[in-house]
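Several structures are given next for inspection.
Heads up, the next two complexes both have chain A, just with different partners, chain B and then chain C.
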Partner chain A sequence: MSLWVDKYRPTTLGKLDYHKEQAAHLRKLVEGGDFPHLLVYGPSGAGKKTRIMCTLRELYGPGVEKLRIEQSQFTTPSNKKLEISTISSNYHIEVNPSDVGHNDRVVIQELIKNVAQVNQLDTSTQKNFKVVVLTEVDRLSKEAQHALRRTMEKYMATCRLILCCNSTSKVIPAIRSRCLGLRVAAPSVDEICQILTTVCKKEGLTLPREMAEKVAEKSGRNLRRALLMCEACRVQQYPFNPERDVSEPDWEIYLRETATLIAQQQSPKRLLEVRGRLYELLTHCIPPDVIMKGLLKELLQVCDGQMKAEVVHNAAYYEHRLQQGQKAIYHLEAFVAKFMAIYKRFLEEGIADIF
Partner chain B sequence: MQAFLKGGTSGPSKDKAVSSDSSSSSKAKIIPWVEKYRPKTVEDVAHQDEVVAVLKKSLEGSDLPNLLFYGPPGTGKTSTILAAARQLFGPELYRERVLELNASDERGISVIREKVKKFAQLTAGRARPDGKPCPPFKIIVLDEADSMTKDAQSALRRTMERETKTTRFCLICNYVSRIIEPITSRCAKFRFKPLDDDILTSRLKAICEGEGVDIDDKAVATVLKSSEGDMRKAIMFLQSASRLCGKDSTVSSDIILDIAGVVPGERLEQLIATCSSDSYEDLDVAIREVIMDGFAASQVLSQLHDNIVINESLSDKQKSIICEKMAEVDKSLMDGADEYLQLMALFSTIMTQICHGN
Partner chain C sequence: MNGSTKEKDDEDIQITKVVFGKTKKPVTWVASSFDSFGPLPHSDQTTPFSKSVSSLPSFSSKKRASTGCSSSVKHTLPCSTDTGSRKRSRDADKRLFVQQALFQTKSSTKTSHSSDLWSERYRPNLKNDLAVHKKKVEEISEWLVKCSNQYAKGRGSAPILLLTGPPGAGKTACVKVLCGEQGWTIQEWSGTSDQAADQWASSEARTEHSLVDTYQSQSQSAVFHNFLLRANKYQALDLTGPSLGTKNDSILASRQANDKKTVIVVEEMPNIFYRDPNQFHDIIRQYKRCGKSPLVFIVSDSNNNSSGIQRLFPKDLMHQLHFDSISMNPVAPTMLVKLLTKIASAESGKLPSPSSSVIETIAVSSGGDIRSALNTLQFACGRDTLDLKAICVVPAKPQLKKHSSSTSSGARLKYGSLKRTGIGEGNHKDDLSLMLGLKDKAIFLFQSVGKVLHFKRGNHMDHQSNPNLPHHLHHFDRDPLLVDPEEVAFKSQLSGDYLTSFLHENYVEFLSSVEDLERAAQYFSDADSLSALWTAREELQTYSVSVAMRGYIHSNSDLTRHDSPRRNHGWLPLHKSRWFSASKQANENVTSARQLFKGYHWEPEVLCTEILPYINLSNPTLHDPGQISFVQEMTTFSRSTQLSRSHLERLNEKDVLEDAEEEESIYWKNSEKKDGAEIEEETNLFSSQSKVQLLQIDENSSDENVVIEEFENEGDDDFEDLFF
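For the complex of A and B:
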């Protein structure tokens, strides 16, 4: 019994539900035999991985679905041992080099060399290249990306890379210009609705139209999330009741309450309270940038016009520092304190205007 | 690199042999067009007259200085020196006379001390194996030299001087300001200019003809616009587009825009229009849409910059405030800050400037 997300994941390019034109392009690419390096980018839950797997299947046939997990070991120049787990089939290998932090360059150089130096034995029935899938390329260090550019050219004969990332902002131009970029946009709300309906039909369930729309709205155009939410609803209650609210993750509710607390009162005591709540969120592994965005979204609702701009600037400012810094809590708390100061000043000015 | 390039030149003939052996054409060896159409001789290098003149002189037998090439990517820096080296030494000697190191090779101070020094110390003869004269020196090409550490660069200074009898250095970089002063003063500096549209067009057209790609003028114009004078980028776009379209259909400008990840012009106009509406909620929705559609914030930023600079409804002061914010946002994005928040901050600045600026 697998989750709907996995159970109904399309396995061939023909079965994809949206971006059909792109799928047709991909198929032409595979048929042409002339396969370039790919850079697949788009927001999470848009179907990047699904498209990559479909393409691989189109290239090599169903053999790519026999996956195995392996542990690979690498040694850095400073004799430090690194271990990284890879997922591979006979034809491709998938790895997330950013798992090993700043030593990712070694992994990239060694791994690709290892894969690329072995030729496919029987090239008459197979493609004469293997594929290396690198995920989260945007989190690679600059050195690793520079190392990649040369490797990409050198081993073009035996190896193709498929790079997968959320945004190309953090990928150096040299790599971008060597790859064929594929933008995978998130599915629209309507598309999500349709997919939810078909999945439910296949499960033998009836999904009311309003319910599907509600789930799709709530998911924020993230298909994976939408499917998981839908399945969660099914477990909670069936037949679906369109009246009922789609249950949200409890951390979101918690975050919203935190924002309300901040807006209610601006004092050092409240700040201390908020800090406790922020710690609570962080210890539950909610990424700090998600917390920041969530807080901003809620807090902006109590601000007006000119103040909104100021708050947004501060959010961007502290989030930037958060990315550079070591510990998230300082920056989150700094943002909260800053917001309190701005808000209080605004309120006091408002009162002064009245008198 | 040399092996790779050689593969490039002898590639096409091998191609046919392989594809005729196996039944499917998909087994054909693939050479990126960028490599296939790299200039083979110094004369082929387009648009960089000064450096071509110097290199031509040295081909005729006069001495070559240490070289420092700098300029934006895709203007032919690496191609020029590789072509010159091949003409100087011929294909056989090329391997032993040229050492090429770039950013993906290990290039710390230890490599400079050992590998470069050792290579530089070897003396070179005056003749090629086939009897033709050739200059008695070797060339060390340090590609992407601006990513070398300061220490490694300083280690190079003395080596450069001591080995002038046997070795010429050619440093290639994008930003000459990142090369330390003592090195730049030891080299003849050449700036590579971004290529003109005319030259790019003629080259692209030639490639299209050579590869049998069907392309209309509008699509060529789109390639030019999105490649910003970068020849490599332009050729890559062209090749990717022709792969996506398959052999028989015409390459259209839409496909090129899609590959280049360019935000459509209307989309950008729409964003700016949203800014002038002074509605924060609309802006929030619009930016979320942009992010969800997978457009990169850096791309939005660079296109927006082009738009803002020529925007006539903004005063100079407003433009300068917006541009300053852009610089800040760009830096933050490079540091890995969240795209949504940064874009929000930028656009709310623009909104303030448009609606309350005066």
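For the complex of A and C:
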């Protein structure tokens, strides 16, 4: 059985539920039979990939939906073997180059070369180019991005790139200027409610309006998450009861507890404890920037206005460091230590004011 | 070459066919004992050798390079291996004689040569001569007795002992002496250098027959395998004994020898095993099955190759095969001083003996390496270096003051105490160590991390040269450091990255206030972002580790003055950096997540932060049991309120890191097997407390007890002593 997210994913541009105007634009773009490189960006769960797949389907027909998962091997100049899994159809190949960490450059170059060097045999019935979909482009190393920009130009004749990322701020300007930017905004709460209701109807369930709104609010306008939440609620209690809380992922609860620990006590011992928890989160594959964001969100709740600015400033500072550096834990911990210091000063001032 | 030499060639070939690696020692088994003499058909040919060597200097290298060529030559020759082996027995008689003669010359030159080196000349012969700690000697002795009992009963599989210790700690000497006393015969594999030397020697010796080189190279592992299994089966053929001139005698001797007990000692592992430990493990397993003689592995552990030991002798293998393991410590300095003094006085007939202070300096600087201490002593006493004396005496004095009383009472004279004599004297020491060629000691990870964490400051008054800070920066004023962080980093022989991560793991416990924490954490963050540019990472690493170390030291506001009271936090165990294991684990989890949930083809981030948690909540029917357990594993977080640092992660005194590159590449591999081994190894480690006591190398066991008590009663100073 598949999750609702997969089950009710629209497959053609016409079936998309929101941003219909954009869908129409995409259709027009593709109608000409050709299109420039695309850079699709937008928040997580906004439907970027759905849109990409719909576009590809529009372009190549239903053949695009016959997917196969393959393992490709690459060898770095230093003779290290890299393995990366790709998802491909006859017309396109999708890959997440950041899987291989700092060796992503090799993957980018080799993979695109491999794809682009093979011309389509029968150009009369098929398009004379293939599409390479690269996901998580914002996690690519700078070297890989530079490699990409060269490759993009070189193989323009036989291949088109669709880059997919959350934020263009981590994509180098050279790439941004070579692509047609396509922003997929997060759906509004209303749109999410509507989709949730439709999905539930198709499942044969009734979803009260309040419940739908609650889930949509809780999801942070992330449609994927909204659907997952809704499905989780359905499993835990049906018929839906708007009174009950929507369950959250465990790591978020864990992160909230960690934030509480930080606010409770400021001492080296506590920092060690928090560090242990941060490691725990990291080993559970929660990306460090997500941890940072989550911590900030929780910690801000105990701050008063003036302090908020300082805390957010520091969070931004260390988040930037996080992106630059190698070892996320240093920066996460530095942020926690910083917050502890700020918060402790704040508390002490408060006590001084009282007396 | 004329026809007659050609015939001789044929004979030679038959014998050289059966080359085994090991020949230097007279004690070896039948087949190989011929090989170094193979090329000598008649004793009268010994003279031409030297000539031909000089006339064909490039020959040996050429031949060694061209195995293919030699094999083609082999085909053209009429004789084959089996005819050779048949002939061998016939030839053996006359050759033995020749060999005998040659051996004697060889060995005599060797002894005259070795007596030049004091470390050879004063090789211990009796148990009491050993400078090794009595307990350790006892331990090995007991093991041998145990083997002996087992041997007498004639059942059970071969006992195996792994003897580790720093180089020059007297491992080999100990085994040899004890075996000698208990009547064991030693069969020794001492490795690769011999083999190489033999190849060289025999090829040189065969220059005359340059065209018919038949040296058969065998893989090292095969040679080793043969050695072990044969050494077990056959008795050594003692060719050096004066009574053995003929074959009959030798057979007789070997019959007698049959009653003897044999210990197989393996010292230098063939290099191939470091690359492929499994091969080695297979051989050892096989030996365990069919071998009877006790087997002793003697391996030096130093900073560099401890990981090699862990790979060659993983804990699971040792457990499985009932390995006994004895770890030797560096020789105690007091012992070493005694020994050196004795030898110096023995030599004093010829040479003026050095002053006791010089001996002490040598003993201390050798770091417990008898061999190097003796060599240094010999060098210091040498006629040519007498002029060094003047320098030697002056700087060593203050140290004498410090230790003269302690030496007599048998208390601590410690390695590394050279460092403690302060900055001014330190320079002298450096001169001295340059002059005497003292060892440049590398320090273990444990020590280097400890040195920085337990840093010490000197008295401000001693260093007036330091400018005073302006008033508004007054709170940054610190007394000068006695530790040089850069030197520590340099000596630790680790990449800055690793040292920083270990410091990072441990610094928190050494700070008391949140403000200090804030600053120190900031410096660690700075240090990491210094390595942001991958192009400059190599160069910047040294700076980055400096930033981290000095940042920590400066932020520790408890210890701004040399006489600031130290917080009595008791013994703080150091921990291993968790970052590497954590990121490895994370990577493995990502990989397995992707593999298990292939069908969902989500990006890993989405998969781990959204899909998996909700799969856990909504509980759809997963078909794969692997998926189910993985989801559960990924969604359970340890909520223990205690510091979740078990003793598994304790940093041990002798721990070393795997190669930096290796560690990194592991990220991408699924080396579960290795993982398991590591964990087991760590669980078996001593608790750090008991290890601490091992560092206090004292000669009397009663002293040791006292030291332990000190540890429990006294404050930090003792712990800090570990690092200085």
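Brief remarks follow.
Note that in this section the second predicted complex is superposed on the first by the 347 of 355 C-alpha atoms of A that agree within 3 Å, B and C clash if a C-alpha of one lies under 4 Å from a C-alpha of the other, contacts with A are read in each partner's own complex, and residues count from 1 in each chain.
Throughout what follows, a contact is a pair of C-beta atoms (placed from the backbone, for glycine too) under 8 Å apart; a residue touches a chain by one contact, two chains touch by 3 or more.
Since the structure is predicted, the reported quantities are computational estimates derived from the model, not experimental observations.
With the two structures aligned on chain A, chain B fits next to chain C without clashing. Once chain A of one complex is fitted onto chain A of the other, the partner contacts of A:Gln324 extend to both chain B and chain C. Once the two complexes are laid over each other on the shared chain, residue contacts for A:Thr151 go to chain B alone; chain C is not touched. Contacts of A:Asn128 after superposition on the shared chain: chain B is touched, whereas chain C is not.
When the shared chain is aligned, chain B comes close enough to touch A:Pro36, but chain C does not.
Of the two partner chains placed by the overlay, only chain B lies in contact with A:Arg178; chain C stays clear of it.
In the superposed model, A:Lys28 makes contact with chain B only, not with chain C.
In the superposed model, A:Ile87 makes contact with chain C only, not with chain B. When the two complexes are overlaid on their common chain A, residue A:Tyr238 makes contact with neither chain B nor chain C. Superposed on chain A, the gap between chain B and chain C at their nearest CA atoms measures out to 8 angstrom in whole units. Residues 324 of chain A touch chain B in one complex and chain C in the other.
Across the complex, chain C is touched by residues 1-3, 6, 44-45, 67, 69, 80, 82, 85, 87, 94, 96, 99-102, 135-136, 143, 222, 224-225, 228-229, 231-232, 234-236, 247, 249-252, 254, 257, 266-269, 271-273, 275-277, 279-287, 290, 318, 321, 324-327, 329-331, 333-334, 336-338, 340-341, 344 of chain A. Residue ranges on chain A touching chain B, taken from their complex, read 25, 28-29, 31-36, 41-43, 46, 77, 109, 123-124, 127-128, 146-151, 153-154, 156-157, 167-170, 173-174, 177-178, 180-181, 183-186, 220-221, 289, 292-293, 296, 300, 305-306, 308-309, 312-313, 315-317, 319-320, 323-324. Residues of chain C that touch chain A in their complex: 497, 501, 504, 508-509, 511-512, 514-515, 517-518, 520-522, 524-525, 527-529, 531-532, 534, 578-579, 582-583, 585-586, 589-590, 593-594, 598-601, 603-606, 608-611, 613-621, 634-639, 641, 643-645, 665, 667-668. Across the interface of their complex, chain A is touched by residues 4, 7, 22, 24-30, 32, 35, 73-74, 102-106, 144, 147, 230, 232-233, 236, 239-240, 243-247, 258-261, 278, 280, 284, 291-299, 329, 332-342, 344-345, 348-349, 351-352, 356 of chain B.
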